[in-house]
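You will see chain A twice below: alongside chain B first, and alongside chain C after that.
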Partner chain A sequence: MFYLKVLEITSLYTILVLGVYLMTGLTGLFSLGQGGFVSIGAYTAAIAYLRFGVPFPLALALAVLIGALLGFLVGIPTLRLRRDYFLLVTFGLGEMVRAGLLYLAQLTGGALGMAGMPKRVGLPLILGSIAVITFITYSLKRSRFGRDCIAIRDDELAASMMGINVYAHKMKVFIISSATTAYGGALYAFDILFIEPNLFNWLESAKLIIITFVGGLNSIAGVIAASTIYYSFGEFFRFIDVWRDVLLAVVVILVIIFRPGGLFQGLSLLPSRLRRKWR
Partner chain B sequence: MEILKTEGISKHFGGVVAVEGFSMVQRDNQITGIIGPNGAGKTTVFNLITGAASVDHGSILFMGREITRLPAHRRTDLGIARTFQNIRLFGNLTVLDNMKVAHDMKVRYTLWEEMLRLPRVRRQEREIDEKARHFLAYLGLESYAGQKPQNLSYGIQRRLELARTLMTEPRILLLDEPAAGLNPHEVRSLMDTIRKIQEENVLTIVIVEHHMELIMNICSLIHVLDFGKKIAEGEPEAIKKNEQVLQAYLGEEV
Partner chain C sequence: MNWNILLQQIVNGISLGGVYALMAVGFGLIFNVLKFSNFSHGGVVTLTAYVGFFLSRYVIANFIITFLLTAVAGGLAAVVIERLVFRPIRRKGYPISMLIVNSITVAMLVQQFFAVTLGADYYTYPNFIKETALHLGSLTVSKIYLLMLGISAVVLGALTYVIQKTKIGIAIRAASSDIFTPSLMGVNVDFVVSVAFFFSGVLGGITGYLLGMTFTVDPFVGSMILKGIIASIIGGMGSILGGVIAGLLLGAAESLLIGEIGAALTPMVIYGSIILLLLVRPQGIAGKITEIKA
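So, the complex of A and B:
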């Protein structure tokens, strides 16, 4: 029972990490505002369900839609900026969402947060979602979309000289990422059953990025593994919980020094790749 | 036919004049050279034509169509392809994927089809794969398909950049110092390659180069730039004897 519960919570976070993977891992766009999208997703679904009586599946879809829309709106002015400015603007966005949720207390419950959602999300839905998101991410990665992401990460100018519409591509990446992250947030609301504005601050956004890096920029399997290890660690070792972040910091430093491509650099769980390795 | 025409294009960086009123007419199926001392603005001319930098004044026409304000990726789609002075391959992609990226604007499947990996995606991916391998083989690079560019020798990387431009289905190739860093043997093979590409693909080629042997050998027309301005234009024999050109290169009258 306990292990299943741990797996459930861990997997919830893995969805968020997968949401960041295409953007940060493949395209090299850093957003410190993804926590804001998690909150947007969680609150959209919760408010739609509790305040407006929207049925749960529709509330989920609405969360994804609002997440994508917000990603689009934020992307318009910011994705043409240099990457460091993009990072700063998204940081501001995340904090803005947090402040907004606190301020709009009538709708969101303010600092008291929101409770009263029925338990509608369990392990099967979460794992099923991970399977679907992984499939989509992987499909994108192995065709045009993925190689264009990497080309943009490596050299934007050269990418545009090769005919890639860099701005449009980044927009697609950001929207997909935001929608996925918002979806994760909506699942969170109906799984944990309590949300409050401070749950996903910029530090949580930063952790998503760090886990992507530790797992390996080019490896989906590695990212999932790193996320599972990190988020389950806290549950198993509650007594040293504060040390979790210290340990993470140490691991990050070691990985950057000794395995700059990530812990699971180039790891692929495809049958064809595995066969090649062992032949 | 005129394939490319620039009319008095200028570019300033702050107070520095990079290119000033540069005009050229490029005829179809010709190899043209642009030469000039370091800092004369040769690469900037390429950047303006390809859209890597924006034009301050003047206009650019490509196949009769005004492209002065067109974004870079649209110009590539129309048929303008280039290589870079300091090689710019994608380090995290294999040689094969470097090739494919340059063809991706021509791909017709949608993002949704791609997410679900529908049959049309698989079919087109196979076609792209074939095309990429074809052009790798065309320049004798097929054995490097699975490698990362940084593991290849300098000469091979230059060759790969050339092969990559062919994937964009270009009408005109702009080669920015293709011979830089190559040894004499490699330069000679490069000359053959450029000629071969030009003839077999019915292409127009513009070359920025310091390597005089290469320029004089394969170009039918040469533009000479100095301090951002064109100081001469003509056939190789005429350029060799042009006093202004000699002055620009040697600094005094000879």
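So, the complex of A and C:
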């Protein structure tokens, strides 16, 4: 029972990590505002269900829709610019969502958070979602679209010279990723049953990126493994749980310096192209 | 609306804006040279806020000495971070994304380290200045804010001089426009990068000290880097002058907005404006846009 619960929560986070993997693995974009999308998804679903009586499946769909829309709006000004602007603006976005949720206290419960969602999400739904998202990611990577995206990741200028519409590709991937992340947030709301604005700050968003890199940008299996290890770590090693993030940070720095293809390089299903330079 | 209150808010805002400008420039300096967003700058700010506290509380209660020591400590910390974390990646020619991930990781490392070890308490600096405010006509200016603004101005002025007039400054600017070519001209690029990190770290140290002195010290001081980053975007990434103007503007705007529409809505208005600004004028105030080079 205990292990199932650990697996459930760990898998929930793995969905969020996969959302980041989709974006960073395919196009090399970093977002430090994923927490914002998680919160948006969670709050959209919870508010729709609790305040407006929308049935659960519809609330989920609504969360995905709003997440995608937000991604689109943020993408318009930032995706045409250097990657750094995207990174920095999404960093701000996460904080903006947090401030917004606190401000709209009438709707969101403010700093007290929201509770009272019924338990609608269990292990089967979460694992099923992971399977579907993994399948979509894998198919995307193997498709022409995915290869174009990887070309963008490795060398944006060269890709655009080959006639790839860099902006449109990045936008599509970012929208898919935002939708996935918001979906994860909605599942979170109906699994953990309590959400509050500070749940996903920039640190949580940063961890999602960091775990993606530890797992390896080219390896879905590696990313899932890294995410599972990290998020279940605290449950099994409670005595050093507080040092978990410090430990993670040290491991990451070592992995990036000595094993840039990720800790689980061997698990990758596609040849590693990470050594190639993009800028 | 009362004009005195308005003016008072602008004065307060500009004082804080001086610190934003320090952060924007410290962040922008590294962005200029290595072309990546250096989040570890926030880590240096947090670290030095604690260093400044321990020095002034337990070693010597002298403002000038602890201030200078903290600034140097910040510089050294940044150099050490560069040596340990960024240089190995740079040497091997890995993509810039690796630098970004490592800088985020360093920021997290510092924040979580202090959260675990010292996070349970708030620390306050000793009172260096008897809290006497200056009265200029109807305005009241707190001395600590005035000092903050003065220090920011002097430091940024000195940095501009070094970057524009000295040999090492020229080398930094050369490395900013192209990191590879200066080495062909006999410039030791590794050394130049170290010096750039040292300068950036000194700015971070001063920021940490000033923030620690004005507010209380907690592990999340480094998150204030967000304000510096915003100022950096508004000013045009990597431009010193743009960063300074934008920092002051941001401080003043923030203080005015908090007065007018409240602290909850202010961040939303500011981030919303940033997104609009990027649509209209992505190069920021200074009008320099960093192109992706082949």
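Definition applied: the second predicted complex is superposed on the first by the 266 of 279 C-alpha atoms of A that agree within 3 Å, B and C clash if a C-alpha of one lies under 4 Å from a C-alpha of the other, contacts with A are read in each partner's own complex, and residues count from 1 in each chain.
Quick note on the criterion: a contact is a pair of C-beta atoms (placed from the backbone, for glycine too) under 8 Å apart; a residue touches a chain by one contact, two chains touch by 3 or more.
Just so it is clear, the model here is predicted, and its values are computed rather than measured.
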| item | value |
| --- | --- |
| Touched partner set for A:144, first chain B, second chain C, both or neither | first |
| Partner chain in contact with A:124 - chain B first, chain C second, else both or neither | neither |
| Contacts of A:57 with chain B and chain C, given as first, second, both or neither | neither |
| Partner chain in contact with A:166 - chain B first, chain C second, else both or neither | first |
| Most chain A residues touched (candidates chain B, chain C) | C |
| Touching partner for A:157 - first (chain B), second (chain C), both, neither | both |
| Which superposed partner A:243 touches (first chain B, second chain C, both, neither) | second |
| Which superposed partner A:218 touches (first chain B, second chain C, both, neither) | first |
| Footprint overlap on chain A, where chain B in one structure and chain C in the other make contact | 157-158 |
| Sites on chain B touched by chain A in the complex | 50-52, 71-73, 76-77, 81-82, 84, 88-93, 97, 100-102, 104-107, 109, 111, 114-117, 121, 125, 164, 168 |
| Contacting residues of chain A [partner chain C, same complex] | 24, 28, 30, 32, 74, 76-78, 80-82, 84-85, 87-89, 91-93, 95-96, 99-100, 102-103, 156-158, 202-203, 206-207, 209-210, 213, 242-243, 245-246, 248-250, 252-253, 256-257, 260, 274-279 |
| Touching residues on chain C, where the partner in the complex is chain A | 31, 35-37, 84-85, 88-89, 92-98, 100-102, 104-109, 111-113, 116, 223, 226, 229-230, 232-233, 237, 264-268, 271-272, 274-276, 278-279, 282, 290, 292-294 |
| Touch list for chain A against partner chain B, complex | 136, 139-140, 143-145, 147-148, 150-151, 153-155, 157-166, 172, 218 |
